[in-house]
Each structure stands twice: as C-alpha cells, then as structure tokens.
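In what comes next, chain A is part of two complexes: it sits with chain B in the first one and with chain C in the second one.
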Partner chain A sequence: MSLKLVIRRLLFLVLVIWAASTIVFFIPRLSNRNALRERFGELARTGGFSPADLEKIIASMNQQFGLDRPLYEQYWTYLGNILHLDFGYSLYRYPTTVAELIAQSLPWTLGLLLVTTILSFIIGNLLGAVAAWPRAPHWLRAFATPFILLTGVPPVIMGILLLFFIGFRLKWLPLGGAYSVGVVPTWTWTFFFDLMQHQILPALALIFGSVGGWVLSMRGMGVTIQGEDYVNFAEHKGLTGGRIFRDYYLRNAMLPQVTGLALALGTMVTSAIIVEGLFGLPGIGTMLNLAIRANDFPTIYGIVLFITIAVAVLMTIVEFIYPLLDPRVRSS
Partner chain B sequence: MSTVALSPPIEKRIERPGRFILLLRYLRRNKGLALGVVILLGLVAFTVIGLMTVDLKQAYPLSVAAKKPPSWKYPFGTDFFGRNLLAAMVVGMWQTAFIGVFAGGLGTLIGVVLGFISAYFGKWIDATIRTVCQILTPIPVLLIQVVIAGSLDKRDVTIVTMALIVVLLAWMGPTLVIRAQVLTMKERQFVAVAKLSGVSDLGIIFKEILPCLLPFIAAAFVAQVFSAVFAAFYLAVLGLGPLREPLLGNIIWAAQSQGAFFNGWWWWPIIPSVAMILILGSLALINMGLDELANPRVRRSE
Partner chain C sequence: MNEMLATAPARPSAGLGPRHAASDGPILRVSNLEVTYYTDSGRAKALDDVSFTLNSGEKLGMVGESGSGKSTLALAMMRMIKAPGRIEGGSVVVGGGDLMTLGAEDMRKARLSRIAYIPQGAMNSLNPVMRIGAQMIDAVKSHLPREGRAAIEARCKRALQSVDLDAGVFRMYAHELSGGMKQRVCIAIGILLDPHVIIADEPTSALDVVTQRQVMETIDNVQKAINAAVILIGHDMGLMAQFVDKVAVMYAGRLVEVSTVREMFTDPKHPYSRALISSLPSLGNKGVFQGIPGLAPSLLRLPSGCAFHPRCESAMPHCSTIRPQQQVLPGGRRVTCHLYDGEA
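On to the complex of A and B.
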C-alpha cells in the first residue's frame, strides 16, 4: 500500500471522527432540554433547597464546566478533549468521569463482541461456502437454509426467544445478570463456570442473529468463484475435492468477506449493546440503558462518541490489513 | 373443372397469458418473494380487521385487568400495566407500518433526488454529495439516533418525530445506489439520442432515465422500510420511543424493565417479538425477491 493511500485513509478517519463529534456536540444544543437544570431541579424538589439556591448552583456549575463561554470556544475545547478521550463527568454518578465508566464496562462488551464476531464470521462463511459448493453432501448444504431464514430477525428478538425456550421453559440457563445473585466474584473455577453460564444465551443470540448475513454473502461469492478459470484448472489437474475447496475456492471467496467484516462492525457493536441491555450484563449496553433512564446526558454522548471512534478506527485497521491478505491489492 | 375447397388455414393459437397470470407464475418460481408477500398481506389483514373490530382504548394502560395469560377473552393476554395485548398489537402494528412507510418513503425520495442530482450534474456537486455520504456511512446510525432522541423533550417524542429521526440519517444508502445506476444509465445510447434531439435535462430525467430505474427504486424502498422499522424498533427497545404508545419495541422495553420472565409473564415479551419477526422476516424475503427481479442475470425464467 502506497504512503499516499495510507495518508488518505488516515485523513478520512479523522474526518469521520470529526463529523461524529460535531454532530454529538451540536444536536443536544439545538434542543431546549437543559441537563443540569433537569438534574438539579430534581434534586431541589426532593432535597428541599430554594429556587434561588438552584439558580446559584446552576450558574456556578455553568462556570465550572465552561458552559457560560461562547459556543465556538466550547466547541474548540470539546474537540481538544475528544482527542484524549475525555468525555467529561457523568451527571448521575458525579464525580466519576464518563471515561472511567466506559473503562469499567468495556472488558465485558469487548469479550462478548470478540467471541461472537469471530464465531459468527467463521460459521457463516463455512456454511455459505458449503451451500454454494455443488459437490458438498446434500445434508450439509441444507444446514445453511435455517440461518438464511433468520437473517431478518434482530439479535434482541433472538435473545427473547432463547430466554423463553432455554431459560424460561427448560430452565437450563439463567434468565439474566452477569453472575448468580449472592455470588462474590473471585478467581475460582466455580465462579468462572457461573459467569460462563450467564454468557451463553447472549452470545448465542448475537451469533444466531448475525450468521445469516455471512451465509448469504458468502454463498453469492462462492457461486461466482466456482466459474473462475483457476478452479477449473485445479479440477483438471485432478486435485481432490477437499483440496480445491480449501485452497482454491474458500480462500479466494473469503477475501471480500474481510471487507464485509469492516462494514459489519457498526451493526455488530449496536446489536451487542442492545442484547447486553436485554440480559442485564454489566457492559456498555447496560450502562447506556441506565444512562438513558437517568437522563445522564454526558454519559450517553460519551458512550456514543467512544463507540463511533472505536468502530471507525477498527474499520481503518481492517482496511490496512486487507492488502496483507491479498497480494493483488498490495502490488497495485 | 372441379373446385377444390381449401379449408381455411388453422390459426395457431398463441397462448398470451395476462399480466396477472404472469405475475402469479413468477411468484411460483420466486418462492421467497411469494412467501414474503403472503405474510405481509396477512399482517395487513390482521391490522385492518383489528382496527375495525377491536376496542382500541384497550391498547393503553389501565383499561383491562392486568397480568392475565392468553385466554379466550384476551387471546394475547394482558400486561402489567393493564393493556390488552391484542389491541396493543393492532395499534402497534399500525404505528410500525406508518413509521416504515413514512420514513422509508421519505428516505427513498431524498435518496432518489440526491442520487440524480449527484450523478446527472457531476463535478463538485457530485464530489460533495459523495464525500458526505462516505463520511456518514461508517458512523453507527443507531447511536446518533440515540443522541437525537435522547435530546428531545419526552413530550416531543411521538410516532411522527420517531419517523423523522429515523429518516435523518438513512438517506445515504439509496443516494449511493441511485447515483451508481444513473451513472451507468447516462452513458447509454438512448440518453445520447434524446440529448441530441434537444430534450431538456428534466425531460431526460423524467421520461428516459426514471422509468428504467423503477425496479431499483422499488428495491431501495423496501430496503428503506426494513431499516426504518428496524431502527425505530431499536430506539424503542432502548426506551427512547414515545413511552405511552404501544409500539412493539416499547412493549418489549416495558416487559424487560418489569422483569417479565423472572415473574413468569412470558407472553408479554413473546407476543411483540413474534409480530416483529413476521414483519421484518416478510420485508427481508420481499427485499431478496425484488433483488432477483431487478437483476435479470439471476432472474429465474420459465
């Protein structure tokens, strides 16, 4: 990859992050809601301090957070803060910062996301490749069909169905939470198994919800690859079916799927967040749920920005990795 | 001389089936499309009949006895807040349809207009529109919608504002699709001929190019309806919808907040989930079917 292309990609990344930050900065300021006033108004009603005090508190808060300064100055400081991932304070759990909150819940989300993305990518691509491979046994090819039918179903709904059948009816797995009530997190095997039991259903919901998309695109890709000259050539050389499938067919069909992975990241993250909320896992999704319920605006905006930046950076990384996998792109 | 009477030549009857028959035959070949259409028609029938026969007041809280499992009186049961889920489904389905068609239609319209402008006039206009689309595409749309919906005053969140929020960031897809199609269309000979014959820009757009694009626009519309329903559903599941309305996502949000499964009220989240599967499933099937129809290379012929 030429240096010029690298610079262009990085510039594009900066533009995406700038656009997202600008949208998140200006949209709340267009609305007539005032987060500070709402929060302290609530406290004033329950805590019993006078409206005059309320005004004083809000004025001092505005000064402390620089909300009394002109808009362009605020915007400038804000962009500077975003650069070192400073998203300000949580309104609800002040003085915890939003960055601290994200750091607490990120490992949970990251673990779930990583496992489910990799598993659904592998399963989906293998099933799709087999479904388009005419020499594969019939029963194996039929495996892909139920997953294709599930393509339109959002992972949250998969989650609800799994909860109903496996958690509620069969009582095989717990109905939610990160670990059983009353269990203290320790580094023991019993706790580990308890933890894993609670992760199975959310993971399955995400995998079932996203495998279908991979199956569909891989099947489409597989059909075109079969007609390629190099596959014909391999057949005429008399290579075994397994060898052709693995080295000639699967590898070439997988390549465009890697680009698809970059494009699907945003959707995967959003689904993971919502599924986490459904199961009450202590990840970013549940934090977003709580923040929405508590009208904790800085936390909502911080989470949104953080995820947007993370997705944009990951997409750029995948684009940089792609030429390493495909020599044709590297040379041109 | 005897005359030989030649019998008039037997006219060979050529079978010319009507358009409707052809459509039905196509649906028999394209089973996914047929299934999608059948499910969608079923849902429309359910909603229309429901709107006429069910007492719609029961879709709102405190109208019937609470927490009753499905029975003859309440086929879908009632929820914690005293809503009859049958009435809630009818109203929710209607609202979902409204959001889908309104947001999907508006998104497609914006996409078609911008796509045409971008491809037909080219130069810096094209560069601007394309760059904006490319920059906005990697941003997870739902999250920005969360910011918008969260910033709104709760009283301002209605079905219409939901639809508008969904549209706000959902026009990039159709814009890019239509732009690409117009670009290839523009180079065709019939457009060049029309231009040489002195047809105006608008004339070429409306009379020459637009009719050829209809299948793509139809496919883009269905895709937009799908993503609008999806986005509105996600926002509602996060508790950002109009909380009073029995929107399908809202019902799931409420069921989840009240711990429906922990308390054994299984029907509360299951009923709206099944409805959502049917809606999104039928739209996905129709979308895939239309893709095949719009792309003659893979279209199944008789």
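On to the complex of A and C.
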C-alpha cells in the first residue's frame, strides 16, 4: 500500500470524526430542555432554596460551562477540546468528568461487544461457508437455516425471550446486572464465574441476532466461489478436501466478509446499547441511555464521539489489514 | 518468431525424469466409458461407449463441436463428474490400474501423480490470494507428504523452468502474470509429479495466436521430457494439426473417428470428419467457407441409429435405425460408421 493511500485514508478518518462531532454537537441543542435547570429545579423542590437562588445558581453554572456564550463560540471551544480528547464534565453527575464515566463503563461494553462480535463472525462465516460447500455433510449444512431465521428477531426481543425462559422460568442464569448483588469485584475465580454467568444471556441475545447475517452473506459468497475454476483445479491437483476448503474456498469467500466486519461494528454498538439496558449492565450503552434522558449533553457528546471514533478507527484498521489478505488490492 | 522455443532441446523433467520408457502396451486404455447427466428435462448421455488407447509419448487431439462431450470426457477420466452427472460404466486404465475402481482417497492421490489435468488457465484457474509457489507446493505436498521443503521447492522451480518461466514467478501472484504466463504455470503444475497421462482442456483458448503457439510448444516440450501421453482438447483443428500425432473426433457424446493427423487431413473416413476437414479455411481455397448443414443434436433427443445421420451426406436407409459400432480398420484407424461395415 502506498504512502499516498495511507495519508488519504487518514485524512478521510479525520473528516469522518469532524462530521460526526458536528452533528453530535448540534442535535441535543435543538431541544429546548436544559439539564441544569432540570437538575437544580429538582433540588430546589426537595432542598428548599428559593427560586431566586435557583436562577443565580443556574446562571453561574451556565457561565462556568460556557453555556451563556453564543452557540458558534461554544462550537469552536468544543472542537478545540475534542482535539485533545477533553470531553469536559458531566452536567448531571458533576463533578465527574465524561472521560471518567467512559472509563468506568467502557470495559463492560468492550468485553461483551468484542467477544460477541468475534464469536458471531466466526460462527456465522463457518456455518455459511459450510452451507454453500457441496461436499459438506447434510446435517452440518442444515445448521445454517435456524440461524438465518433468527436474524429476523431483534436482539431486544431475543433478550426478553432468553430472560423469560432461561432466567425466569428455568432459573438457570441470573436475570440481570453485571454481577450478583452484594459481591465485590475482585480478581478471583469465584468473581470471574459470577461475572460470566451474568454475561451469557446478553451475549447470546447479541450472537443470535447477528450470526444469521454472516451466514447469509457468506453462503451467497460461497456459492459463487465454490464454482470458481481455481477451486476445481485444486481438486484436479489432488488436494485433500480440507485444504481446498480452507485455502482455496474459504480464504477467497472471506474477503468481502472482512469489509463487512468493519461495517458490522457500528451495528453491534447499537444493539449493545439496547441489550445493556435490558440486562442492566453498567456499560457505555446504559450510560448513554441515562445521559440522553437527563439531556446531559457533554456526556452524550463524549460517548457518541467516542463510539464514532472507535468505529472509524477500527474501520480504518480493517482497511489497512485488507491488502494483507488480498494481494490484488496491494498492487492497485 | 520464437525460434528459440521451437528448437529448444527437451527440457529437464520436474521430477525423476522419464520413468516410463515406451513399453509394449498402451499407457492409457479407455473402454466403453459412459456418462449420463440426469437433468430435469430428461437423461442426457454426454459420453456414450467411448473407447480409445494411447501410448506413452503419444499426443491425441480431441476435437468436436461444443457439447460433443470433449470436456465431459476429460472430467470423466479425472473422475470429476459432478452431480447431476454420473459415470455409468466403463474403465480408464492408466499404466495398469483402472481408475474407476479406486476408492475416493486413492483417486485423489492418482490425480496429478498418474493423470494430470491442465485447465484453461489463462483466466481463473489460479487462486488469487496465494502465491504461485504456495499453489505448487501444496500440490506436491498432498502427494508426497514426506518430501522435505527444499526438495519440494527445487521440484517446483524445475517445473517452472521447464515451461520457460523465471524462478521469480514462484513468489508472484496470479494477477501479476500475463495470460500466457498463467497458462504456463498451469502446465508446470500439471507436470510436477511426472504423470503418465496429461489432459489439457482447451489450453489455448482466451490467448492470442502468438501466445497460443508458445503454449502449445511448451506442452510439446514438457511432454517429450517426461514422455507422457497427452490428450489435447480443443476446436482449433489447424493449431492441433501441428502438434498432435492422432486426432479423435467426437460427435454427440460418441467417438466417431480416431486417426493419425496425416490420415485425418488427407483421407478422413467418417462423413462428419470429412465435413469438419472441408470446412477448414485454407490458403489455396479462397471461396466461401463450407459449413456443415444442420445443427448439433440435443443430447436429450438424439436421432435414432447413428446420431449424425440427419446431417450426413452419405446416409443410408439403415443409418437411421441401426447404431454403428466402432471398428478398427486395417492400419489401426477407428471409425464408427456403417460405410465401413465389413471392412474391419
């Protein structure tokens, strides 16, 4: 890959991040709600200070957050802060910074999302590849169908079904939370197993929702590749079935799927946000959900931007990896 | 053009050298081979009672219209007929053993090592994501699992050399090669294990005429080096005439004539061969091309008796009712036609 191409991709990445941050900045401002007023109004009702004091507090807070200045000035400050990854303070959980909030919740989301994305990518692609491979045993090829059917079920519904049957009726797994109530997170095996038990159902909800998509696209690709001349010639060469499947069929059919993986990361984040809420996991999704409800826009900015940057960076990485998988891209 | 290639001495073989010196019996004996495709609209007999023999070092050109069964024959000999097709009977004896009786694993081992297939490689026969070298190494490894890495690589590079390719091709990818080079790589792969029989399925289609000639000369050279029997499938009679010893003509899944090149071009026996030869353009004959009247029949609804009789100039009344049998004429020519009944 040429240096020119690398620079072009990186410039594109910057452009994507700028566009995303601009959109993210203006959308919450279109609403008439005011997070400070809501929060301190609540305090005023319960804490008993006068409406005049309330106005003074809000005015001073507005000044402190720079909310009294014109919108375009705030926009410039905001862009400048983003440059050095400063997302500021949460309005609702002041004085916690947005960066701290993200740091707290990120590991939960990352763990769940990374594992489920990779698992469903591997399972889905293998099932899809086998489904399109004429020499695979029939019972193995039949596995693809139920997963394709499950694609139609959104992860939330799947999560509710799993919670109801496996969590509530069968009581095999816990109903929610990241770990059992009263357990203190420590680096021990007992905590690890407790943690894993709580992750199984949300992970299944996400995996069931996304495997089918991989199966479908991989099967479509596989049908084309298995009829290619080089797959036939591989058999003429007397190669074993396993080698033909892996090196000649799978490696070629996988290529578009890798691009698909980059795109799927975005979708997985959206699913994770909903599933986290459903299972009460303290991840980025839950955090974002709370921030939106409170119109805590610094937190919304921070999280959405963080997700956007993460997905954009991952996509760029995938684009840089792709030429290693497909030599034809390398030279063009 | 290209004197260097034309006069080049026999190349070193990729492997052990000519291990099968011309022996008495034919190295390849195909007998009564039958293939049927079970389609939704009926059974199509793509190969019907095909028999011929070939000696070591002999080159046979297989010609016929599209759909006459040339490629089906190649696939049947490799036992690579895919559903809905089925090999219904017959035998393919290569160097003493019948391929049709082998188990799946033994047949896998026989491919490339006893009988090799060279595809029309100019377009798409090489894996785009693997280096040429890797695609040669895996072929050798799957047959000689105990051979060391260095020995395998040396073997592959010798094969590349014998098809006039630079050893640097070993590290390249298919998209970095020209059509002619890709075809040579396919030939190099075909001769990696010094097979007894090489089947080249339209090795020169999709190549320009200059490259066609070079590729044919390459096949000629490697064939001489390992003394294999070669079957060349194609419809370019002119190109074939320059390179093969014998020509076999197929029509509607049947072998209608097998003759030496000279006999075929000077005195074709079967009326279909005659029509084919006289339809060839020539320098002396600048008139209108003479085609063969009528169309090739559908394999689903073959004419009764001799399948060629509706288009035949010399058809006799019993041609439409009685199917002719293959006859060996004095001198070894094989013809399947009622005109020669009683001459065998």
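Here is the rule we go by: the second predicted complex is superposed on the first by the 326 of 332 C-alpha atoms of A that agree within 3 Å, B and C clash if a C-alpha of one lies under 4 Å from a C-alpha of the other, contacts with A are read in each partner's own complex, and residues count from 1 in each chain.
Criterion: a residue touches a chain if its C-beta (ideal position, glycine included) is under 8 Å from a C-beta of that chain, and two chains touch if they have at least 3 such contacts.
Just so you know, these numbers come straight off a predicted model, no measurement behind them.
Engineer: Which holds for A:203: it touches chain B only (first), chain C only (second), both, or neither?
Structural biologist: neither
Engineer: Answer with first, second, both or neither: which of chain B and chain C does A:151 touch in the superposed model?
Structural biologist: After superposition on chain A, A:151 lies in contact with chain B alone.
Engineer: Which holds for A:252: it touches chain B only (first), chain C only (second), both, or neither?
Structural biologist: second
Engineer: Of chain B and chain C, which one touches more of chain A's residues?
Structural biologist: In the superposed model, B touches more residues of chain A.
Engineer: Given the touch rule stated above, what does A:215 touch, chain B (first), chain C (second), both, or neither?
Structural biologist: neither
Engineer: Regarding the shared-chain residue A:160, is it in contact with chain B (first), chain C (second), both, or neither?
Structural biologist: first
Engineer: Kindly classify A:292 by the partners it touches after superposition: chain B alone (first), chain C alone (second), both, or neither?
Structural biologist: First partner only, chain B.
Engineer: What is the contact status of A:236 with respect to chain B (first) and chain C (second): first, second, both, or neither?
Structural biologist: The second partner, chain C, only.
Engineer: Is A:178 touching anything from chain B or chain C once the two structures are fitted on A? First, second, both or neither.
Structural biologist: neither
Engineer: Shared contact residues on chain A for chain B and chain C?
Structural biologist: Touching chain B and chain C on chain A: no residues.
Engineer: Would you tell me which residues of chain C are touching chain A in their complex?
Structural biologist: 78, 80, 82-83, 108-113, 116-117, 119-121, 123-130, 138-139, 142-143, 173, 175-176, 186, 189
Engineer: Quick check on the complex: what are the chain A residues that touch chain C?
Structural biologist: My answer: residues 134, 228-230, 232-240, 243, 247-248, 251-252, 255, 325-328, 331.
Engineer: Which residues of chain B touch chain A in their complex?
Structural biologist: Spelled out, the residues of chain B in touch with chain A are 134-136, 138-144, 146-148, 150-153, 226, 230, 233-234, 237-240, 252, 256, 261-262, 266, 269-270, 273, 276-277, 280-281, 283-285.
Engineer: Under the definition above, what is the set of chain A residues touching chain B in their complex?
Structural biologist: Where chain A meets chain B, its residues are 12, 15-16, 19-20, 23-24, 27-28, 30-33, 149, 151-154, 156-157, 160-161, 163-164, 167-168, 175-176, 266-267, 269-270, 274, 277-278, 288-289, 292-293, 297, 300-301, 303-304, 307-308, 311-312, 315.
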